[in-house]
Amino acid sequence: MNDQAPAIELKGISKAFGPVQANKDISIRVMPGTIHGIIGENGAGKSTLMSILYGFYKADKGEIFIAGKKTTIPDSQAAIAAGIGMVFQHFKLVENFTVLENVVLGAEDSGLLKPSLNRARRELKALAEEYELNVDADALIEDIGVGMQQRVEILKALYRKADILILDEPTGVLTPAEADQLFRILGRLKEEGKTIILITHKLREIMDITDTVSVMRRGEMTATVKTSETSPPELAELMVGRKVLLRVEKKPAQPGKTILEVKDLHVTDNKGVHRIKGVSFKVHAGEVLGIAGVAGNGQSELLEVLGGYEKATGEVIVNGEPIDLTGAHSDGQSRRARGIGHVPEDRQREGLIMDYTAWENTAFGYHHDARYQKGLLMDNSAIYQDTVGKMERFDVRPPDPKLQAKSFSGGNQQKIVLAREIERNPDLLLIGQPTRGVDIGAIEFIHQQIIALRDQGKAILLVSVELEEILALSDRIAVMFDGQIMGERMPDQTDEKELGLLMAGMTSAPKDKPLHEAVEENLAFAGGDASKEV
Amino acid sequence: MDAMPRWAEVVLVPLISLLLAMVISIFVIIAIGEDPFNALGIMADASLGSTQGIGYTLYYATNFIFTGLAVAVAFHARLFNIGGEGQAMLGGVGVATVCLYFPLPHWTIALVVAAAASALLGAAWAAIPAYLQAKRGSHIVITTIMFNFIASGLLVYLLREVYKPDGSMEPASPRFPEPTHLPSFEDMANAIGWDAFTSSPANITFFVALLACFAIWLLIWHTRLGYEIRALGHSETAAKYAGINPVKLTMIAMLISGGLAGMMAINNVMGEAERLVLNATEGAGFIGIAVALMGRNHPVGIIIAAVLFGMLYQGGAVLAQDTSIPVQMIVVIQALVIMFTGALDNLVRAPLQRVFLSMRKAT
Amino acid sequence: EPAVIFDLGGKFDKSFNESAFNGAQRWAEETGGTFAEVELTSDAQREQALRRFAEDGKNPIVMAGFAFATALEEVAGDYPDTKFQIIDMVVDQPNVRSIVFAEEQGSYLVGMAAAMAAEGGTIGFIGGMDIPLIRNFACGYAQGAKAVNPDVTVIANMTGTTPAAWNDPVKGSELTLAQISQGAEVVYAAAGGTGVGVLQTAADEGILSIGVDSNQNYLHPGQVLTSMLKRVDNAVYDAFTAGTELEPGFNVMDLSNEGVGYAVDENNADLITAEMTAALEDAQAKIVAGEISVHNYNSDESCPALEF
Amino acid sequence: MDNFYTIVQLGDATIRMAIPLLLACLAGLFSERAGIFDIGLEGKMLAAAFLSAAVSFTTGSVWIGLFAGIGASIMLSIVHGIASITFRGNQLISGVAINFLAAGLTVVIAGGWFGQAGRTPSLSGAARFDGIDFPGALTRIRDMRDASPGMQFYSELISGHSILVYIAFVAVPLSWWVLYRTRFGLRLRAVGENPAAVDTAGISVVQLRFAAVIICGVLCGIAGAYLSTAVQAGFTKDMTANRGFIALAALIFAKWRPWQALGACLLFGFFFAIEARFSTISMDAIWVILLLVLPSVFMIFYAVRRDKIDMAVLGGLSAVLIAIALMTWIGAASGEGIGMLTGLFETVRIPNDFIKSLPYILTVVILAGFVGKAIPPRAGGEPYVKER
């Protein structure tokens, strides 16, 4: 394109974590003033590569050039000095500090805090105006939503005068409006000549805003192409190494009798916050009800109540009989006995015991089942045999039941959970975020399984923050906002824009102000609640 | 994929750590102007050189097996029970009460009844810290430590006001009646015509301890309860998802733990002293922590570690008598063993991992 | 070769055990002999220590402290050729010599001294572990004080109820401060290592103190009124000297055989007035002659002069 | 007037008992705020107590002794740091090991150094911290007893403490200021909450945490030196007597905040002052019975509204307390010619084992009843592992 030195050039970067070779001899060039996308399967090494650039990890081999100059980056201090800022996949914020304190941390002017804080407050205001990055400087991080937290991360980078901004899967937790707003900001930064690297699993985002895109697979850089010269199917194939179906194929639903009926459900969490404020809906056999919503608006609690580990008031009827919402029979065991399967939102913290082997995890939650018992003891070999079959049918890789759950990649962990819950043949399957952070190859498989289950006449309640997924899988869509259902839509009669509005608590686009501002206001209004950890 | 084969993790790491602790101990002994090899010789001879020495070693090991198991069971539920000391004291109260006030006709019955009583009181003493942890979130490390102090206050009171015979100066119970005396190794050896274990305190409780190890092994890895205890220990959020009640499991795990610590009393109180004295537990509750850690919370590992600490105890006691090295030297060695095997294990593990990794790459 | 076993307070408790050690040391210096020794750290080691020494052929074996009684009962019979000596307790075995001290007599004398030195009429007593033995100290002390001044107030405190009470100078110091605020002008510490704290605090606060067991006058010259001597050192020395010829049986060490007494040296010469000296010597003579009988608390577990 | 003086004296004793707790508590505060749990406070105090006394005696200067004690404590801190920061070991175990190490080494070294295992010779004169007497203050208890209340208060409570006491009190606002008003404090608090945030902000987690454990060492060192060179005149084995653990309880009670730590330590100091002063407490049986029965009633009421576990544990505990109450009553009434009713007004003596246990019992009661769930620094106790 031109003779300008690349803003960043990595040459021959290698990095191993113990036996795992996360990056193998990777080279990449990023031109200044461009947005450069990086895609790849789970565990391909994207985050690792960027963390090396940011000085979080040390590369085993390789060289880094910043603006044509060879630079060593032994720690993040050096990266910051070289003008690099990074927004991590998992935010690096101190939860019980204020926004201001988080921004100042590590970039203080002097030994005393006061002057630094005062200056930061002024500068934050200026930055906010310049980039439309409004935040309440005195709010505690734990009290603000994830969208806001991401803004704080971006502000941290800008406050440190970053010229190169790395964003690792930034849109996973945002509403469409918030994502649009983010991309607008990125556009403006690019105009100012800043360089941006964007890691994402969403091909549409790549197509929409990047200039070039690099594809990684199993620790290696397999291709770098101009965005304008490629297409989503091609990228998907580069990533996975085979052709991938990007659309879910399904027949129309054949709804049967009502399996789940929820009436006027209320949930108050242990901090006394009213999380669900009177929700009612039905799910029938043979259909998928999708629940859309910004994280923290009550969907998680809904799943937790139905799955049996959160107390609630109201009425829940499964197969015509009410289930216990508070008493001794309101736990997960009782739910399973009533034919409710549950794929939890957070597979690592809830769905699996990461230190248990795969076979031990196969019995998790079902360890009281008669077929896993041998007198007073557990029949470990029966569980093991069971696992061998499940791993095969669900194509878990590697198919070794003796491996600990933590040594599987996210997608394969999710398959273990799905195998356990689906093969139990539940009447009602609760599924939370089935593909969060999972790469497109695995997404395809998981979506097929969900639709297959529906077609067997099971009722499925799906919660996801991915609108695309909701639209693709659901037969009906309910949108939750601030603990209530804002409305129900049929997938073929709505679109992401309308759902996005509903997710922000609005039924129509505002006329008097820009959309994203209104969205922001509304979410902030629900803010006290929206703060739940994601 | 693990960086190291399992045997290296389980055997090699503790072994090298132990060696390091020994090397430092040798330097300490040199520093106080004694001959370290003579000292080690005395200790080895005293603890293993005769059946009597072995009897002492196994007696101490029996104590440590119980407290080590106690710590390990709690550990599997991610509870740090530092209260083994107090629970063992209460176990002693249980043993003394049944031995002194119940007419027990034969040692077999006495053993069963006393084991039950000691486990019951030990568990009861663990119940309140467990409850406070489970229900009120009060830090179990602090509460169990406090309960150790309270137990020793209670024990003195009971010894002085309840058990002490009139006219005795020592706060200690009278001797338990003859039928409650447990067969010692000496008795058992003599029964088969073998003159061994002379006047050493090891007794039948050692076998009870081995039995307890087997039972705990079954419990932890082959029962639903054990499965749930471990699940809770690894992840409370996941446990909740699976329908495991953390409060209930915390209580159960701590009750089992306290019961095991309490059962130590059948060894030291009933088997050895045959009366209840003040300082009968001798810090075994704390040694249990080290034993459990060194044994990687596995019953087999615990047996090995308990025997090792038994050797240290016995060897150390004799060392103090035979040389001018103060008894506290043993405390120093214990500290080093705990430090190197429990807290500094990565010092050994990391280089080992690298060695194994490069070996694998080479092949 | 003789052996001595120290009790839990430790060899250097500036008191009972140290006194035993001094006796052994004196024997070693005078005869050039050697002796074996061990300090216990726990109750459970008593029997083991006894057996080891006996098996190693140590003879005689002296143990300092009543707490050895049970273990000795057990062990003595197994080693009929070994001679044992126990202090402060009676063990009835053919090869055991039991030595008890008439602590009440020595305490009586220092009680008199205390009452004479205390113009305000209030004196204190701080004991170690609350056991009859220590109550006997307190009882003798109160009797002596009342003999001088019937109106004297005796404040008595015990440090604790476990062996740890022998070694808790911080608590000793607190108790001393409390007693001073209640008006005590002389405190008598019969508390092993705890007494170090008592004497220290008394010196800091400018009141007088009385040491125990060995001569502690030197610890704070001019501020320790006197020390109640309990010649454990002599008992050990004698036993070592007798060697294997040690005579079994029951022995009382009292004023008549200088088993107990009070210390006067250059450190407290100025504190002991001529009047005191006269009164004390007079009382001592009368006790030896049986004209004054000092009540022994252990005889009936009660004290006429003091309530616990 | 006498009563007032007793209270003043109790206050004085409270301060004496509270100071080592306070210093250790602040030590723990710095360490744990930085994410390093430390149950080795006890051992560090003990080592400092020993070395400060030993060096004071040898050099004759208590100041040199103080620095030596601090040095000993810092050494152990560094050991703890190497185990838990550098090698990412288990912090609790490292703490346990340090306690053992100090308990053993102090005795062994004392034996080698002074020929007296477990103690140092007595300190006197310049080898010891004396009380600082303020102008006009009375110095002797006997004079104070007869002085006016104001004078008693001034002389006993305000004046007459050793310099370390005043240092400890100054350490409270200083700690607060450092933690909340300086860059270092901000970073220190951050590293205990989320070390990754600190790391990605370009600050070394390892350096910061080492700084924290070293501060912890300094404060523990002063605490130990206070025990052996100010309260006492010399070292005796195990002289810290579990103060390190009580300090940890106080730290939790204070929820890891400096001013609250002061309050908690004074409270615990007060318990110990009572325990040290009143080894015998007697009161009418009725009060004893009420003190036992009222909490039982409260616990039963609390339990019946909850689940089975509450009923079992609290019910069992109440049953035990009520049984003790009944036994007390029967015991009081069993004297000759005393009926059950008059038995209520008999004076009974509270066993001093109970009074000795009181600080510990109250610690548990406070932790259980008034602190609720104390949320420790979020990264506390966990090593910072970037790569496994």
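So that you can tell them apart, the chains are marked A, B, C and D in the order they are listed, and the count of residues begins at 1 in each.
Assume a residue touches a chain if its C-beta (ideal position, glycine included) is under 8 Å from a C-beta of that chain, and two chains touch if they have at least 3 such contacts.
By chain, with names taken from UniProt: A = Nucleoside ABC transporter ATP-binding protein; B, D = Nucleoside ABC transporter membrane protein.
This one's a predicted model, so the numbers in the text were calculated from it and none came from an experiment.
Asks: Counting C-beta pairs in contact, does B-C beat A-D or the other way around?
Replies: If we tally the contacting C-beta pairs, A-D comes out ahead.
Asks: Just the number, please: Cα centre separation of chain B and chain C in whole Å.
Replies: Using C-alpha averages as centres, the distance is 38 Å.
Asks: Using CA atom averages as chain centres, what separation in Å is found between chain A and chain C?
Replies: Computed from C-alpha means, the inter-chain centre distance equals 77 Å.
Asks: Measuring centre to centre with CA averages, how many angstrom lie between chain A and chain D?
Replies: Those two chain centres are 46 Å apart.
Asks: Starting from the mean Cα coordinates of chain C and chain D, work out the distance between those two points in Å.
Replies: 33
Asks: Any chance you could list the residues of chain B touching two or more other chains?
Replies: Correct list: 156-157, 160, 326, 328.
Asks: Indicate the residues of chain C shared as contacts by at least two other chains.
Replies: 39, 161
Asks: Chain A: which residues touch two or more other chains?
Replies: In chain A, residues 18 touch at least two other chains, as defined above.
Asks: Between which chains is there touch?
Replies: Contact pairs between chains: A-B, A-D, B-C, B-D, C-D.
Asks: Considering only the defined contacts, which chain C positions touch chain B in the complex?
Replies: Against chain B, the touching part of chain C is residues 36, 38-39, 41-45, 48-49, 51-53, 66-67, 69-70, 78, 89, 131-133, 161-163, 301.
Asks: Tell me, which parts of chain D touch chain A in their complex?
Replies: That would be residues 180-187, 189-190, 193-194, 196-204, 378, 386-388 of chain D.
Asks: Which stretch or stretches of chain C touch chain D in the complex?
Replies: Checking each residue of chain C against chain D gives 10-12, 39, 130, 157-161, 167-171, 173-175, 177-178, 180-181, 183, 193, 196-197, 200, 205-207, 219.
Asks: Looking at the complex, which residues from chain B come into contact with chain C?
Replies: 56, 152, 156-157, 160, 167, 169-172, 175, 199, 268, 272-273, 275, 277-280, 282, 317-318, 320-321, 326-328
Asks: Which of the residues in chain A come into contact with chain D in the complex?
Replies: Those residues of chain A that touch chain D are 17-18, 54-57, 75-80, 86, 88, 92-97, 101-102, 104-108, 110-114, 116, 156.
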